[in-house]
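These notes are about the structure you will find just below.
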Amino acid sequence: MSHPDTPADRPPKMPPAHPFDFDAVRSDDGDDKLHEECGVFGVVGLPEAANFVALGLHALQHRGQEAGGIVSHAPGIGFNSARRFGYVRDNFTKASLMETLPGHLAIGHVRYSTAGSKGHTQIRDVQPFFGEFSMGGAAIAHNGNITNADALRRELIDRGSIFQSSSDSECIIHLMARSLQRNIPERMKDALRRCEGAFSVVAMTRTKLIGVRDPLGVRPLVLGKLGDGWALSSETCALDIIGAEFVREIEPGEMVVITENEGVQSYFPFERRASRFCIFEHVYFSRPDSIIGGRSVYDTRRMIGVELAKEAPVDADLVCPVPDSGTPAAIGYSQESGIPYAMGIIRNQYMGRTFIEPTEQIRNMGVRLKLNVNRALIKGKRVILVDDSVVRGTTSRKIKEMILDAGAAEVHFRIASPPTSWPCFYGVDTPEREKLLAATMSEDEMCAHLGVNSLRFITLDGLYRAAGVPEGRDPAAPRYCDACFSGEYPVAPSDMLEKGFQLRPAAE
Amino acid sequence: MSHPDTPADRPPKMPPAHPFDFDAVRSDDGDDKLHEECGVFGVVGLPEAANFVALGLHALQHRGQEAGGIVSHAPGIGFNSARRFGYVRDNFTKASLMETLPGHLAIGHVRYSTAGSKGHTQIRDVQPFFGEFSMGGAAIAHNGNITNADALRRELIDRGSIFQSSSDSECIIHLMARSLQRNIPERMKDALRRCEGAFSVVAMTRTKLIGVRDPLGVRPLVLGKLGDGWALSSETCALDIIGAEFVREIEPGEMVVITENEGVQSYFPFERRASRFCIFEHVYFSRPDSIIGGRSVYDTRRMIGVELAKEAPVDADLVCPVPDSGTPAAIGYSQESGIPYAMGIIRNQYMGRTFIEPTEQIRNMGVRLKLNVNRALIKGKRVILVDDSVVRGTTSRKIKEMILDAGAAEVHFRIASPPTSWPCFYGVDTPEREKLLAATMSEDEMCAHLGVNSLRFITLDGLYRAAGVPEGRDPAAPRYCDACFSGEYPVAPSDMLEKGFQLRPAAE
Amino acid sequence: MSHPDTPADRPPKMPPAHPFDFDAVRSDDGDDKLHEECGVFGVVGLPEAANFVALGLHALQHRGQEAGGIVSHAPGIGFNSARRFGYVRDNFTKASLMETLPGHLAIGHVRYSTAGSKGHTQIRDVQPFFGEFSMGGAAIAHNGNITNADALRRELIDRGSIFQSSSDSECIIHLMARSLQRNIPERMKDALRRCEGAFSVVAMTRTKLIGVRDPLGVRPLVLGKLGDGWALSSETCALDIIGAEFVREIEPGEMVVITENEGVQSYFPFERRASRFCIFEHVYFSRPDSIIGGRSVYDTRRMIGVELAKEAPVDADLVCPVPDSGTPAAIGYSQESGIPYAMGIIRNQYMGRTFIEPTEQIRNMGVRLKLNVNRALIKGKRVILVDDSVVRGTTSRKIKEMILDAGAAEVHFRIASPPTSWPCFYGVDTPEREKLLAATMSEDEMCAHLGVNSLRFITLDGLYRAAGVPEGRDPAAPRYCDACFSGEYPVAPSDMLEKGFQLRPAAE
Amino acid sequence: MSHPDTPADRPPKMPPAHPFDFDAVRSDDGDDKLHEECGVFGVVGLPEAANFVALGLHALQHRGQEAGGIVSHAPGIGFNSARRFGYVRDNFTKASLMETLPGHLAIGHVRYSTAGSKGHTQIRDVQPFFGEFSMGGAAIAHNGNITNADALRRELIDRGSIFQSSSDSECIIHLMARSLQRNIPERMKDALRRCEGAFSVVAMTRTKLIGVRDPLGVRPLVLGKLGDGWALSSETCALDIIGAEFVREIEPGEMVVITENEGVQSYFPFERRASRFCIFEHVYFSRPDSIIGGRSVYDTRRMIGVELAKEAPVDADLVCPVPDSGTPAAIGYSQESGIPYAMGIIRNQYMGRTFIEPTEQIRNMGVRLKLNVNRALIKGKRVILVDDSVVRGTTSRKIKEMILDAGAAEVHFRIASPPTSWPCFYGVDTPEREKLLAATMSEDEMCAHLGVNSLRFITLDGLYRAAGVPEGRDPAAPRYCDACFSGEYPVAPSDMLEKGFQLRPAAE
């Protein structure tokens, strides 16, 4: 049957853009950091489970500050959900809201921004995502990034799925909806076997709490126990806040299915591969009071400082962290070098996220709104500044200027990670490659560009040593995912390759 | 493959409940009226189309006061949407919002409450609904009710569709998503052929404005023209507000597809049936300044008063409308009877919808917050009160008390519709049958129950005469849907029958 | 001691402008009406008195829609207050707010806009005003306008009073603060004896409810009784809503002091003068269900229509009110003339007050957002439109255009008040004299300007007859204040004269 | 003249309570700290002065987090003001608000809570306060506390002043209003000569920026220069943020009057006394990057740690600060003792102020929401915890428990201030004396009460040494106000004495 204007309806090459709804928040605090995109938390077997989830998410807020969501289930009442922009503490602490989330079973999610709606989060992009299936509902919360989500989305739309969000994570729930399996955990296995990339997922049915990590185990996921209940969390610090005992990490490629009565059942639904945990979780993403791979994150960071002091010593008067993320490495550098540790830069504690509709003057203030130099301390001193990373280099330049304005005699940057020269496609918000300073400059060029007396990054081997691999990085089988430093992507980023992203030549 | 706790995941009989999100509004103004559930409006070929849609929706606000939504499309920008709780005038008049809805093509919807979430509207239930298909996106706005929506929903979920709302209207977009047709109008025909019940739909693709009425034509839908552009609207009063010319009604069973360049194309995709327009649109739902079937709604209502005065005369001093819906019939009654028309009850213009968290005292005030008796006028008089309908009878009782408290000598109720004794399943919010006063009482019993000197309803024949059928109702082939009065449902309400609703016995 | 730059601190001629705070609402619904500025209500001797006040203010909302405030007092707790922008029903119905206003004694106020901050109301301008005196606190709510407020303000500032608002009413509380009297009622007498102009004041101390009317009795104030409690109200319709019995009007120049135990005490603190009640209260300001001077306001308005039909008959097909204020006069005109009454113009019930940040298109819609012509009814008819008044004439012109666009054969305006050619300085928001159509044009010129077939205003005598003065207006001793029609101001508007306002020459 | 119920109006002993308005914020983050009550900032001679004030207030946010306000003046426009609850960065960064505050002259204020409305701040209590005088308006912002405010308030009310707030600072503006002086600076001198206690005031007229410090100079106030403009600020860190040069401190007892053209004029209107700057500004209130008395606050705090290590050494494995205020002293302790510095407690950066309507569970979490122990680091270690002060001891107890739960072998508290055993009446929010742990317990009793292995406070002499007085405290003429430690109040707190507060016996 012919319709007069079919041409205008001809299929576009890419899935059509989702309608944009103004009721959104912009996210750009211009802080020149890589940002973890998400934190996940779930609880089963505890009364008022949603309260525990709220506490857990509060402890994971550093993994995503734009928005948060919680889904709970109570027998006889069903599923309830709440999704809000803003901090957990501003939304999910109110009795009037939490009363709407009853039950012993709940999961939650905090997010920074997604692959889909960069810069604008809409409430429909806020997880957990929920789907009604014929055997009951399921909710999922996803940390990571599905690297073949565009292809999956096209395929699902072709078959009649209607996407509500622009999130890659929504593919999982649609794949589950179309699975022929008769129960939800099996549908989830079906779905995730189709997904490439990084995923630490916390999910729930009416009775089960489910946790899954992708075969590489790129993002963290840990299991905790509190009384008769169980918790799944991105990091151990969120187990601490609810008073839960840290049981173990979920293993790469493992799925755990937890019920109030039968406890934890473990499955390994994927083809086994060597794991590749994200090394940047050690450097910056995780909280210093979390434990990863049996190691204190704080101590790994302090050891990075120790390694840096060995690799890149310099004669100076003070070792100052760029607050707050550079602090543990600065302590380590001071301890190894014997140069006194000092708070040369003070952070304003009242900076939140981005400004809404700021005046020109506020926009121009930039880093001064957040950081101030301790002028009386710095004046005339040779200062070593320890920072966690250099992304675009914009903030580093401004800090250098502030320090020199305050009368420092010399400024030496020491960076607690190797040069960040490749984007991450596994759940981290990175600028395009051209905007990464290290993608286009050598260390010396960066030093000149930043205008500092010296600039040194820790080596990849030094970083591995600090992260518990005494022999350094094994190029044949690296223990961690270090693609942002090395350009070696353990999973091919297929959507991005289709869009024209150039991998590092093998010969490089 | 067996999973340990499959039983708990066993399919429930009904599609599982959707998660309840606290971010909702309650809707219950306790005004003892039947309520139209929706109004729809769309525009193509006019700059800043969304502004015209906002104006049209404002004129249709009486058809739904809880929430409204608009979707627009602009080439190069794509689809944009905004959905908000509250009045159109409080949301869709702001420049900052309307700027986010650019383009020459837009549709909108106002809603009262849906079949799904009675009493609590959630933002995700607010239309228009949008779906991305492989050939582009489409948005739909629906007035009416799909009487087999539960069955369709179950079937769609079984095949992997994920519903986002509890609305019956969402079935349409999922059916479209699964159609094998290659363009959107054809997919829409496919979808609507599966739908039973009442539907006046306004939809849009990237280039087309589409309007469809179900084969019975239960709900209204009209076509207007403004300059080079076209408008579709539930009622003509919304064409007036934008200054558009009323072209014609969309016919029962017709689909029109309108593009900026090619104008209106007409299709009749359904099996033809005798039309059954809702007679209550004449009595109460539509605005008095709208034109239906070539007749002024105001004049039909005035004629109801004239018929009532003939059918049920009474000796009295004053004819007073119950404001505001009884006014035209009261004018007609006065004109026919010669008894002076007077404003015996004054309406407070500052009553909005329901109260949030009201004090006990406010809750108990009920109708006094809205209506006050003109005491000096009423005292010692024999008063005829003309109202449009009696649903539960709660308000009528209170009004009678107020009138007697003010010293009226006699109170005579005259009702501009026959006894409402059956629920509507075609897009009107009616109480359960047991709560309808006329379902359990005769006219005399109702008179005694209300405690008035006399109570008379217009006959069904009288109503038909006033509505332009001089010969009255033809029982073999009634021109209108009058199921709420007669119990004769022109389309079997299949979901309701499955839930146990008892039709009127044929012999009754 | 000399200070170098004293000159810049030299006193300005007028009291300095108050700091403008952005947290304000603009008020301009452009409806071309005169607006009453305030309504007042107070209650003593009833539990949860603030709830009664909220109900009373809701019934008085037509006297002021911008903002409202309530002060209550409870022994042991003290005074509590709440002041809010917006409708009473949106603020003062919530249990959570009303719980903060405990006690048996409360007063409240609704306001349109004040003499001070035209067009922008700030929350600090919202009454009741409160003052702490050494013998305890007092709160006052004022309807009217103090015509010598500027002079009083200058004098008070010179002596060290600090004004918080730009309201003329604040003078009263400062005059009270400076009185040497030892109790609050005496201080109030002292203060009000210094005030010229119109004032109906409801005030409270910790134990007393106080009501005062200026010697002319320009604005209304009535006394009601409910059980053991008493109420003071601007109008009787607000007594009805709380179920109170209407006892009597407070007399011009009377002060009543009411306590829970001792009941009502009456004083006459002012020099006695002949009373001059505002005749426009009959025409437009008061609600039709209120009783003024023993007469139903509705009936007075209907009688205006009867008088108009006698004074200015015309051959036509329909008598249509301009809704809603023209309705009673239109009914009277129809009854007297025998020409059928009809709803030729339909009012949109969902128009609230002004728009915030409207789009250009919305701004241009003007009256069409509020009114629509009943086209099918009007077409080809000779129509008499009855309106309450013509102020600037802007709306009248637009209505005429709408009626003619709809195909009316003839349009005849009949106005239920004489030409409004002088501003009011006694508590009504009027445009400057130059903007009043009748200040610059004769009746014929206005008819030509509006472009209608005929235009007739009721005569001043006709209005007096309708308002219960069968002999018409006595020029030597008019019973009402009719300055807006006659230019005869019963109290010299001294602040305005100082600003250069020209009174009507005696010879005119 | 007798009035029947005068008795009820008999003057109460204390000024009557101000009406409480529900539109308020509660302030209690239960963090067991003393809190500075205010920060002040002003600018003259810079375009968009209010923007600079906003930036300055942001840098002073630690001095008051509940609310902030800005007043600006522009010739031809007049005074404008904005007062808001919440952080500066959430309100005073928006272009739409800042545009309402034009001009080259502006002052601002941030507040914690006031003497008046403990626990509930109402918007009318938010400074700057404004008064219109006959020679023009003036605005004032006050840091400190007027210790005879109750007496002044009574006196002013007796004479007819009407107070709008419950703030002690409002006395200043009323005293100014009643002064007979002809210009505002002279009126301000008049007013402040009547005030006892602590006051650092920033004020403005239409042309002048004024700064005053009380004769003791209890609170800080500094002068800065930026281009042709001048700034007054509580601390130097706020000069840094706007890029202003630190010129000098305003001297105790000095008034500076600054105009755009004539620069700074200095006056000494008070009787000269020996200065007594608040030593707690060094310990906790001021930001570590501020400079006070020529000394870096950070360095003073580090030196307190050095002194503590000398006075109270202990054998341990780690020195950990209680974040964030204990950090500099912990660094000093570590440097002096050679025991490694470590981040044993991690602070959640997403804690704001108090919660609104929190769930029971959230309420019970207390300090765990804010702090988490770095378990892997602490386990089995002997830990020295360095904190700035112990007020009630509630937080210290919980921290001890957390540290022991995490497996610490020993916990030693070292406190960077002497025991806080007396309340402050000079602008600091302190609990009543009975609630101060040190008011009722000896150091040993506190150690037992807290359940730690050892607890030591720095001595008052040690503190003076760290604060730049090598010879320690001179009991005959202490350089600082140390009343909270010593009970020696340099100004008698007259209001409090009248309320029954007992000074320390001379013999004690």
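Letters A, B, C and D name the chains as they come in the text, with residue numbers starting at 1 for each one.
Just so it is clear, contacts are C-beta pairs under 8 Å (C-beta built on N, C-alpha and C of every residue); 3 or more make two chains touch, one makes a residue touch a chain.
Since the model is a prediction, treat every value here as computed from it, not as a measurement.
S.K.: From subunit C, count the fewest steps through touching chains until subunit D is reached.
M.R.: Graph distance in the chain contact network comes out at 1.
S.K.: Trace the shortest sequence of touching chains from subunit B to subunit D and report its length in steps.
M.R.: 2
S.K.: Can you check whether subunit A and subunit B touch via the same residue numbers (shared by over half) or via different ones?
M.R.: Subunit A and subunit B contact each other through largely matching residue numbers.
S.K.: Going by C-alpha centroids, which chain is farthest from subunit A? Tell me that one.
M.R.: Most distant chain from subunit A: C.
S.K.: Compute the distance, rounded to whole Å, between the mean C-alpha positions of subunit B and subunit C.
M.R.: 38
S.K.: Please tell me the distance, in whole Å, between the geometric centres of subunit A and subunit B computed from their C-alpha atoms.
M.R.: Those two chain centres are 48 Å apart.
S.K.: Can you give the whole-Å distance between the Cα centres of subunit A and subunit C?
M.R.: So the centroids are 61 Å from each other.
S.K.: Report the topology of the inter-chain touch graph, choosing from line, ring, star, complete and other.
M.R.: Shape of the chain contacts: a ring, since each chain touches exactly two and the loop closes.
S.K.: What does subunit D use to touch subunit A in their complex?
M.R.: 48, 51-52, 54-55, 58-59, 61-62, 65, 87-90, 93-96, 98, 237, 240-241, 243, 287-289, 291, 295-296, 298-299, 302, 324, 327-328, 331, 335, 340-343, 346, 348-352, 355-362, 365, 368-369, 372-377
S.K.: Please name which positions on subunit A make contact with subunit B in the complex.
M.R.: Residue positions touching the partner: 1, 3-6, 8-12, 15-23, 71, 78-83, 97, 100, 123-124, 130-137, 139, 154, 157-164, 173-174, 177-179, 181-186, 205-208, 257, 259, 262, 265.
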